[in-house]
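Next up: some structures, all given as structure tokens.
Both complexes shown next keep chain A, but they swap its partner, so chain B is in the first and chain C is in the second.
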Partner chain A sequence: MHIDPLGEVFGRSTGRIGLLLLCLMVGLALFAPLLTPYSPSQRTDASAFSPPSHDHPLGTNDARQDIWTRLIYGARTSLSVAVGVALLSGLISATIGSTSAIFGGIYDRFWMRVVDAMLAIPAVIIVILVATYLQPNLMLMIVLISAMSWPGGARVIRAQTLSLKERMHVSAARTFGAGWRHILCRHILPDLGPVLLAIMIQDARAAVFMEAGLSFLGIADPSMISWGKMMQYARVFTYLDVWKWWLLPTGIALSITLVGLSLIGYSLETALDPRLKDNGRGA
Partner chain B sequence: MLDIEGLKVSFGEREVLKGVDIHLERGDALSIIGESGAGKTTLAMSIMGLLNGGCSGRIVLQGRDILEMEESRRREIRGDVMAMVFQNVEDALDPVYTISDQIEEAILVHHPMDKDRLRLRVDHLLIQVGLSREKGDAYPHQLSGGERQRALIAMALANDPQVLILDEPTASLDAMTKAEILGLLRESMRDRIGLVVTHDISAASRISNRMAVLYSGRILEMGDTKEVLARPLHPYTRGLLRSSPNMITTKDLQGIPGRMNPGVKGCPFHPRCTQHLDRCTRETPMLRDVGGRMIACHRGGIVPLLEVRGLCRSFGPLKAVDGVDLNLCEGETLALVGQSGSGKTTLARMIMGLTRPDSGEIRLEGEPLGARSKEFYRRVQMIYQNPRESISHRMNVAEAIMEPLDIQGLGRSREKLERVLDEVELSSDPEFLNRYSHHLSGGEAQRVAIARALILDPKLLIADEPTSALDSSVQAKILRLLMDLQERRGLAILLVTHDLALARKVSDRMAVMKDGRILEEGLTSDLLASPKHQYTRELMESASAVNDDGVLVKARRPKEGESDCIEEQSFEVCRRPGTWQRMIRWMRSS
Partner chain C sequence: MSMDDLIRGSGGWIDYTIARALEWPGKAFSILCKGEILANYVIAILIILSLNFLLPRMLPGDPLQAIYGNEALVAMTPQLEADLIHRFSLDLSIDQQFIAYLSALARGDLGYSYYYGESVSQVILAFLPWTILLAGSAMMISTVIGLLLGMESGYRRGQPLDKLLLVGVIFLSGLPDFFIGILLLIVFAVSWRVLPLSGALTPYGDLHGVALALDLLRHLAAPLAALVMVRMTSTYLLTRNSMIATLGERYIMTARAKGCSERRIQYMHAGRNSLLPVVTSVGLHLPNIVTGALFVEIVFAYPGVGWLLYNSILTRDYPLIQGILLMVTLSVLTVNMAVDLAYRRLDPRVGNAH
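Here is the complex of A and B:
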């Protein structure tokens, strides 16, 4: 079966909306320096908790920093984590999952027991515990979250590889004398693309959420600018009016990112599983 | 006893016979078959000593060398001790004398006798060849072709010769006369040394007990007629048999590539031989005894390519393949016929190395196979039932065909690609090369798969139901293509199929498989003419055939439990005599 992932995503309205939302966030993150004259940790001249004005579209926080600036620079953090985890976790999942399926035997059984063990343990708790000790910065956070999210993807990739391995064109390649490397690279990985993409999107979504959560709990690196952290601080001052332009926009930004990723993931999954398709109604 | 040793005949510069060795005893009837230009008539004429050309070697009859004799001595022997029936019936008889006169002349030249005895002898001879006295008194132009041939035979037999040579005795006759004359000739050659020169293999099979195949002045194969015809061991003999239609063989006709070229160095057949080595271009092979047959081939005849012994494979409690023995020679098609679930695909996959056998041995060209190396895959390739699935949907035609070259590290050669596309009759233009497998039709996809299999120049092609997913007209073309490839490249094909009628048309040999075991194996024509197993008959019955009502019945795959252990339930067949009769009638008529 021939799946064209980009075509599927663009072709459906859910995919398009998701892509739009994500592009919005990516745009904000990329063009952050152009969209604001301040730097995120700069203490501005305005007073603390000043309401939105011409200079400060979302006002200032308790440290007299511009909230809008912190918002769009926070997008950078979230998206970096998203991309980083997607790539790293995706890489680990793909490697371990596909090689387990191809080699089989003890190698396969070992890694699958590892996956089983890791899936049985609630990832959130581990991450929180480890993070409390490490106070991870961006890199470390990506590594930590990837370390906990690769098992789910590995399972799926292994199952997919097992089924792809039995395909006729893989047998045909074996009859030309192909070794596992050729089969993996030219026959299996290209067909794993759509599944891998879906897994990566899901990992990214979970990663954004987890990063925000960790920052909210205050166990991430304090110097990182994160939406979670903003919400943590903003929560303290809910008795003031400031939450309207501090907590709410941050929450909305986070939600937009998560919804965008979810919609893209959803449209990809309906492409992968024909049973979920509702016959081209574009939903 | 007639001994020909090292006979070489040349006409000026041209060497027509290049060393012929034949040994014949009384009662032997040797047929010399070959195509035009092989030197058959030259051989016949030189034995009679009728050639003007340069002859060397020895032809020893009763201890005396004919070539050494003087012409006067030879004239004494000719017509008396050895006699020849010539090819051209019109020219061999003198038009102004009656038949009896000419027979009398043949006798009188050697044995003068009085008129009464002569008359008696002539009458006796006329009766022997089936001519009446009135025919004897007629002139040649008053007789039919068959009668003239009989007259010539009478003249040859006139003095009861020890050696009777026949040069194309039935070439100018129609089929029914041919049959009668052949019967007569078989009678006539009893208790004599007979030498029949002909290109007609079926005629040769009827009157000779030994056969020699002549090609470009050399004997390539010699042996017992029935054995040579049933199991030709030389590639040329096999090619000759494949190109001669007869009422028994069921495989479509195939030719031999190339053309006879008299001035070839080394083995005379090597330019047209699909299994020739480098050695064959330099050294001429001598006629040697190989297991009871005389063969002139450096490789000892047709090379046995694949030998399978006792192959077993079980999946849990199910015995998919249960002790299978198979043989496949170079350039031949073996059809493996059976229902789904008989284990044929598992067997094919085990030979390819895709599935590991539990026990048993597989040999390729004599060497036992362990783990398959890349070298193996250059000699054995496979095509599958579903061509579009067997080509990755992420590769276009060009990439798919060149994938084996990439894997084997042989470099992407544009010429190889074009050559192989040409062989499978596909175009090489870029538009087609960029197409993906899911954009190709079934027939095109299978051709691409075949091209991909051919690009490594394999010797053996395993075809696993290659056409069952295709339409009939496409199927015919694909099979035609496979047969052409076999003819041109000497490709051996192991065809796994459930369609008996199809297998009948394209296979030399057939093996019937059921429940993991081979029930019967042998020449397709033999197996289908006289099947030994009840199951084979069941298969034949359900194969595609036009039944008595004139309706085309397409082969149906027998359902599960339908033909189950029929050997033990033979009484079931007896209960339905109608079907039995119909089947026998069909077998007789086809």
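Here is the complex of A and C:
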């Protein structure tokens, strides 16, 4: 039963490529100040829309800012939102999912009703609605996205906990008089790890996308440096050649992050469902 | 891949689990089920209505400003302000306000758009058909393509074709739909100039009959392609998973043992029986398609509700933004509920329990 999530991810070529792509973006984000002499909002001496050159690897935008600098600082925004949402939303999913499965009864029915109702709502639309009023900054955006993204995970965690609850070692612990808190923390949560990780990867991917989407719509905090907003601005200038070093690299950076998370997520999910392993046809 | 997908799962294992989980309770509690489904949707609608009602009123500052935005207030006279306060019942207590809000909604009154100088519902109705066209055709085409590819891929698990498709789809599913739209726009409209840059019809084209239909298709092609490319990925992954699970069932072995042709096993035995979770997920994926359409419309300036939403955000036309989001949510919920209810009828195992 015990799945070693990292071993599974490293053991597959999809997982390895995914990790590589993600590490690339994390590296860019972490070392951003070392990789560029400019600050992201600084107006440089170059003229607006200047093409790529030695000083400006990706040229400059309409406000004479260095596009490469904005790109790598944008990675910081995207990845912070990803990590924040993965942690917060994963925490809510795990808490509500596992306690619902353990307590059962009215508590369980209440939360599953909430989960079902929220799964029916198009989350993006609610996030857009709230964001138009609040113009969320980084923290608020993490809270907002997490508030809409936990139900799917909670349902999966609950199902997993229900099956774990029936395992022998849990029954054994119960015969020895263990309380629910002990059973939850010592016997169930450790086994939920791989599932929780898969859910968090999905949450992270959702968050990166959502942040880019909200900025693309122009309803995030205007002071945030974000890929979505860069694409929104760059989109207007497709009639010039600037899309080649402004729009395209930004879109590619966003895609690399999303594809990296997709690949990791997929290899994890395959590890979780033994039926999906690539061991030939049939069972 | 669009945002909602990610929230709800990519068509991968988590999505598959959710689809299965939604499928099972129907079997045990089919009588309870219809009531429970309705209850879910009623709760969902209440959540949305309360958000719509509370957001502008809870914000610090003047609720009138939150409802109409700063720009509209510049032209505000005391007379007009008094009118509006009365109209939104802002002089009443909060529960009376909520009742007034609900009764206005029940009359179909979504407010008045200053920018367009028309009632919000009329503005939306003018833009809605294009979104229905785009999202509807994208949903059908992507479901069919996803199903076919998923069945082929799942049946040939581990073989080169499957690996190629799988890697391709996972890669594609990572791309945001508005970026794919932008790429198509750059390639086909900006560089090659074979497709129009924007819009849904050639302005002042004065076309009729076949020419009109062709013009419409030419404008629809790129946004539709962008949407289908991203959308089919979740159906594909789900079908593939479901197909693989079905192929492990005993009756497949029986079919092989009695000498069924492989084609028959692939489509009749495995294919048909892997449809169930996929059908359930069509409802789950509807919001993704709609929100995807909103973003793709923005890229192509396709005159649907998404384009309208984008413009109303730019002009800070709050009544219009609220109206659009409310309408989109309600229509998604309605279709989802219909799919949910119809699904319980379609699945004979649920029907038998009655």
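Miscellaneous remarks
As a convention for this text, the second predicted complex is superposed on the first by the 279 of 283 C-alpha atoms of A that agree within 3 Å, B and C clash if a C-alpha of one lies under 4 Å from a C-alpha of the other, contacts with A are read in each partner's own complex, and residues count from 1 in each chain.
In this text, a contact is a pair of C-beta atoms (placed from the backbone, for glycine too) under 8 Å apart; a residue touches a chain by one contact, two chains touch by 3 or more.
Keep in mind the model is a prediction, meaning the values are calculated, not measured.
In the model built by aligning both structures on chain A, chain B fits alongside chain C without clashing.
Once chain A of one complex is fitted onto chain A of the other, the partner contacts of A:L20 are absent, as it touches neither chain B nor chain C. Once chain A of one complex is fitted onto chain A of the other, the partner contacts of A:G265 are limited to chain C, with no touch recorded for chain B.
Of the two partner chains placed by the overlay, only chain C lies in contact with A:F216; chain B stays clear of it.
Of the two partner chains placed by the overlay, neither chain B nor chain C lies in contact with A:L240. In the superposition on chain A, A:A178 makes contact with chain B only, while chain C stays out of contact range.
By the touch criterion stated above, A:A63 is placed in contact with neither chain B nor chain C.
Touching more residues of chain A than its counterpart among chain B and chain C is C.
In the overlay built on the shared chain, the residue A:M139 is in contact with neither chain B nor chain C. Contacts of A:M168 after superposition on the shared chain: chain B is touched, whereas chain C is not.
Taking every C-alpha atom of chain B against every C-alpha atom of chain C, the smallest gap after superposition is 14 Å. No residue of chain A lies at the contact with chain B in one complex and also at the contact with chain C in the other.
Listing the residues of chain B that touch chain A in their complex gives 349, 352-354, 372-374, 376-378, 381-382, 384, 386, 389-395, 403-404, 406-408, 436, 438, 449, 452, 456.
Interface of chain A with chain C (complex): residues 14, 113-114, 116-130, 132-133, 148-149, 152-153, 155-156, 159, 198-199, 202-203, 205-206, 209-210, 212-213, 216-219, 231, 235, 238-239, 243, 247-248, 251, 254-255, 258-263, 265-266, 269-270, 272-273, 275-276, 278-283. For chain A in complex with chain B, the residues that touch the partner chain are 1-2, 167-169, 171-178, 182, 186-187, 190-191.
Taken together, the chain C residues at the contact with chain A in this complex read 1-10, 12-14, 16-18, 21, 36, 39-41, 43-44, 47-48, 51-52, 55-56, 59, 66, 155-158, 163, 167, 170-171, 173-176, 178-179, 182-183, 185-186, 190, 241, 244-245, 247-248, 252-253, 284, 287, 290-291, 295, 298-299, 309-310, 313-314, 318, 321-322, 325, 328-329, 332-333, 336-337.
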